[in-house]
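Chain IDs A, B, C and D follow the sequence of writing; residue 1 opens each chain.
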Amino acid sequence: MKTEKNRAEMIREISGVNPLKCMKCGKCSASCPSYNEMDIKPHQFVSYVINEDIEALANSTSLWKCLSCFACVERCPRDVKPGKLIDAARQIVVRERGQDYLTPDEIPELIDPETPQQLLVSAFRRYRR
Amino acid sequence: MQRIGVFVCHCGTNIAATVDVKKVTEMALHEPGVVHAEDYQYMCSEAGQELIHKAIKEKHLTGLVVCSCSPRMHETTFRNAAEKAGLNPYMVEIANIREHCSWIHKDIEEATEKAVILMRAAIAKVNLDAPLKPGESKVTKRALVIGGGIAGIQTALDIAEAGYPVDIVEKTPSIGGRMSQLDKTFPTLDCSSCILTPKMGEVNAHPNVNIYTYSEVESVAGFVGDFTVEIRKKARSVDMDKCTGCGVCQEKCPSKKTPSEFNRGLDTRSAIYTPFAQAVPNVPVIDRDACIKFKTGKCGVCSKVCQAGAIDYDQVDEIITEKYGAIVVATGFDMIKLDKYDEYAYSQSKDVITSLELERIMNAAGPTGGHLERLSDGKAPKEMVFIQCVGSRCADERGKSYCSKVCCMYTAKHAMLIRDKYPDVNVTVFYIDVRTPGKNFDEFYRRAVEEYGVNYIKGQVGKVIPQPDGKLLVQGADLLDNKQILKEADMVVLAAAIEPNPDVRKIATMLTASIDTNNFLTEAHAKLRPVESPTAGIFLSGVCQGPKDIPETVSQAGAAAVKAIGLLAKDKLLTNPCTAHSDELMCNGCSQCANVCPYGAISYEDKEVNDHGVREVRRLAVVNDALCQGCGACTVTCPSGAMDLQGFSNRQILAEVDAICR
Amino acid sequence: MSIEKNEGFRPKIVAFCCNWCSYAGADLAGSSRMTYSADVKIIRVPCSCRVNPMFILRAFERGADGVIMCGCHPGDCHYTSGNFYARRRMTLLFSMLDYIGVENGRTRVEWVSAAEGAKFSQTMHEFVDKITSLGKNVRLEDLRCRN
Amino acid sequence: MKYSYFPGCTLKNKAQDLDHYARISAEALGFELEEISEWQCCGGVYPLGTDEIATKLASVRALNDAKEKGQELVTLCSACHHVIKRVNDDMKNVDDIRTRANNYMELDAPYEGETNVLHYLEVLRDVVGFDELKKKVTNPLTGKKIGAYYGCLLLRPGKLMSFDDPENPKIIEDFIRAIGAEPVIYPYRNECCGGYISLKEEDLSKEMCRKIEESASGFGADMLITACPLCMYNLNKNNGDNLPVYYFTELLAEALGLKEEVKEQ
């Protein structure tokens, strides 16, 4: 089992983000379209990584609510871009446990005749190893 | 052979904590020419200098090496100490073992080793030092102030009061600058015009002050005490002597569609215009790009209505050449352009404005007559939202890395004024931090919250969303309540970052004054010489040096004036003796050196030389010490090696290279 | 990777800094405590245009592993145009260094203003890394001095 | 002018007609889309992780194919464009990714980001020109009030995509003008529709679509157009018939008088 320190370092490495650059302005959370669905808010991701509390991030629903819309990435004035941290945390979870948020068995119930291939492809890319 | 003394400073623990100063001192004694070495806690102190004095006298030293802080810090101190003891001040070299060694290295062994090497290089250089004598140059007793805002006005007034003539060069048609655009000032809520216009009048009337408005500095030559400046006085198309300032021409001018610079483009002005009613001088200019007469040849209404006959369509730009002893830069600031921040919908809604635009809206002489209203439909707002730090404190290329410093306070001011005048208007401020370091500043901000009920929310705004009904939806974060907020607003005010006047880069280049990555002029020392440029004779006043509010600007303007007065009060200046010098026997008169000299300091003379018994007349390079600034460009370009720089000679630098690579 | 190979190797690096911008930038790096390798030793010159190519050759002759020259940003020279001369001279010199056996990477020109302490430190970091990866330099010899 | 063309999964299957519209319009406008042989799916999502290599290889293959043909690479779907353009940037500027991807690919010559990636709209704007397009329109959509829906992938990150101003774009509005209709500018045009999560978080994405629809209708739009098949699906699914969403190539073909032709085929 990796220590929290290892995992925090991994998040920093995978994301390429230096969370210490954050000035806590909250523009990420102000921009996030899924804000209300998230238990840990985009701006909080930064301090969770700084404080190496990765287990909480790993269990957070926010990982699956993030839309990858890059609004926070575009608008962050400090080059922190929390979207990248969220993506890295999601990677860690998916890689570590193979804990898949989506399984093939679920698919038939979720789709309709019009569902574009793109949606399935991207869902698999995002949600499982 | 020199007799060299080496003095190693501990600088308290600044050096001694990382560099083994005892070892450095001991190593010094093994170096050629060194006859004395000692260390002391603070070499720059009175007691430290006394040690140097004593050693020079007792050991008959001919050269000194001081291992201490940067020469930019204390070289002069130690040179003066040497001079007092009867040693030529140019026989002193500094080994920088603080900024370049102890402060940046952690390992004592490594740092000590490096300190020894730096000391060796300095010793090698002193061994080849020769006494130098500075020359003298004259001081033109006139100062130039570039920029006619509050900084320039104050500096000019202070210099003029001390009895020296001053010229102000102002680019726009009137002095007054940004302060003239403000409505009220924090933290006392003084009316800006009420305190500025008397100063504008005073400086205009002062017998020692000469104001060139609608003018720009064209070129600068020379150096401290003796600058030659060309000023372009742009064609005003109005005779300043004849014009009475009655204003009829502006009323009758048929071209009224140009956005008013003074009102930040919120309304329009005529082609012939004064920027504002209290303009100094109260003489309009014709904007030739907007004037129908200049564009089509037909019109001439202003000329017809001018009873004084002051309109002159044939005026041309005039170049004035003047000499100055000192130059003060007071070029001020502007707000950044917001085109990269359209998440705030600045270009998509007329009701999203900048703070400076709000100043104009709040001002009785502004586009709405001082009435707070939405620019889209003229309706009175009920909900106002202020957004802080728009483009300030940014790590990306969209904005500025620094804090603009004035926004927190002026936003508190705006919020308070609005709540005071329109109690039914709710005011919300989205902030990241509220910064109020200044006399009565925090009290002022607290009043906005406690007495005026301004709603401060900690968190930035993500997006301003214009609504079909004309309202604005502000989507922001409340970090303390951990909520995302959607707030409906009638107007949104953006505290856009301030940036140095874009012209300052051009001016700094002309003045050879250094400028930082944000285009602020660099001061000679951040703490101890904050109003001087590293370039001698150039002084800094106001926001051109860094963000400042009005009281700070006025204090700095006064300080810059005092520094300029101190210079103008001297009859002679000592020149830098580290000038180039040509060896007559080696020079072949090829003119390469004169081609690269930026000061025109090198000329050629036919001179008789005695070359190993052969007497002949040769064409030789001669350096004018008064003009040479000692850059050394000529020394490298000289193909025969005749040209060398005193104080930084070829042999000296090679000796340093050798000492470092040893 | 090659840096690891040369572990333990301490290069000799000479830095020429102009008095007005880059030396002041180095001072700022110092007062801001922005560390860089002790292998860098700075020589102060009034202007980058004072740096004679001869100085750089001499450094390589005496065993330097890398030489870097820093000046004011183009257009910001205290002497108006000195750094332009320096830039041209160094371009010419560097183009010939390869021919005499000194790799291109052992020399560098960088513009550092008085306000760029961080850039100075960063530049020195990079340069030291580069030289360390290149390893020890061959020492130039002046053939005239040979028997 | 001949371009390498990367159609992507959706336009090749569920939304084939949109791909046909694009090709036939291209022909009418004087450029040709040559489909990359054996292209592989881009993955639909750009892998942000700096250590993700395998997931970027499909894009590298397409990019290298275009490079070998000496052509620029044109994409139609926003997601493909986003992924391929960003992978290309990695290959150009990120040493580590470039080295590792090339080690894996074992190409004849390493791929170093040489290919220029263009979106179909960029070809219309920068190569054909909207003025030129306007001249070729035979069936202008006069009187239609159309809102451009950009979504997130085309615009962000702004610096990297360098497609248009990410907060105040105008390329689709210009396109709408060129085909004779009237653009409706509304603030939610660059807000996310939640397409990526619509499989598992249907309610959330529904709410986001509602906001977009409300904003666009509020400002007077009769319909929306988009460049992303996923956005189109998601918005249509959630909007119902109130505000139909079309793919931009369909309206392009219609304006050029080619739509019926395609239908007949």
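Basically, a residue touches a chain if its C-beta (ideal position, glycine included) is under 8 Å from a C-beta of that chain, and two chains touch if they have at least 3 such contacts.
Predicted, not measured: the structure shown is a model, and the values here were computed from it.
Just to note, of B-D and A-B, the chains joined by more C-beta pairs in contact are A-B.
With centres defined as mean CA coordinates, chain D is found 48 Å away from chain B. Annotation: 44 Å between the Cα-based centres of chain A and chain C.
Separation between the centroids of chain A and chain D, computed from CA atoms only, is 24 Å.
Multi-chain contact residues, meaning those touching two or more other chains, occur in chain B at positions 343, 463.
In chain D, the positions touching at least two other chains are 167, 191. Across the assembly, chain A contributes residues 71 that each touch 2 or more other chains.
Shown are all chain pairs that touch, namely A-B, A-D, B-C, B-D.
Within the complex, the chain B residues that touch chain A are 343, 389, 393-396, 398-399, 432, 458-463, 475-477, 479, 482, 484. The touching residues of chain A, counted against chain D in their complex, run 13-16, 33-34, 37, 64-65, 67-71, 73-74, 83-84, 87-88, 91, 101-102, 110-112, 114-123, 125-127. Only residues 339, 341-343, 345, 347-348, 397, 463, 465-469 of chain B touch chain D when the two sit together in their complex. Those residues of chain C that touch chain B in the complex are listed here as 12, 14, 19-21, 23-24, 26-27, 29-31, 33-36, 38, 41-47, 49-55, 58-59, 62-64, 72, 75-82, 85, 89, 113-116, 121.
Contact residues on chain D toward chain B in their complex (touch as defined above): 159, 165, 167-168, 185-188, 191, 215, 218-220.
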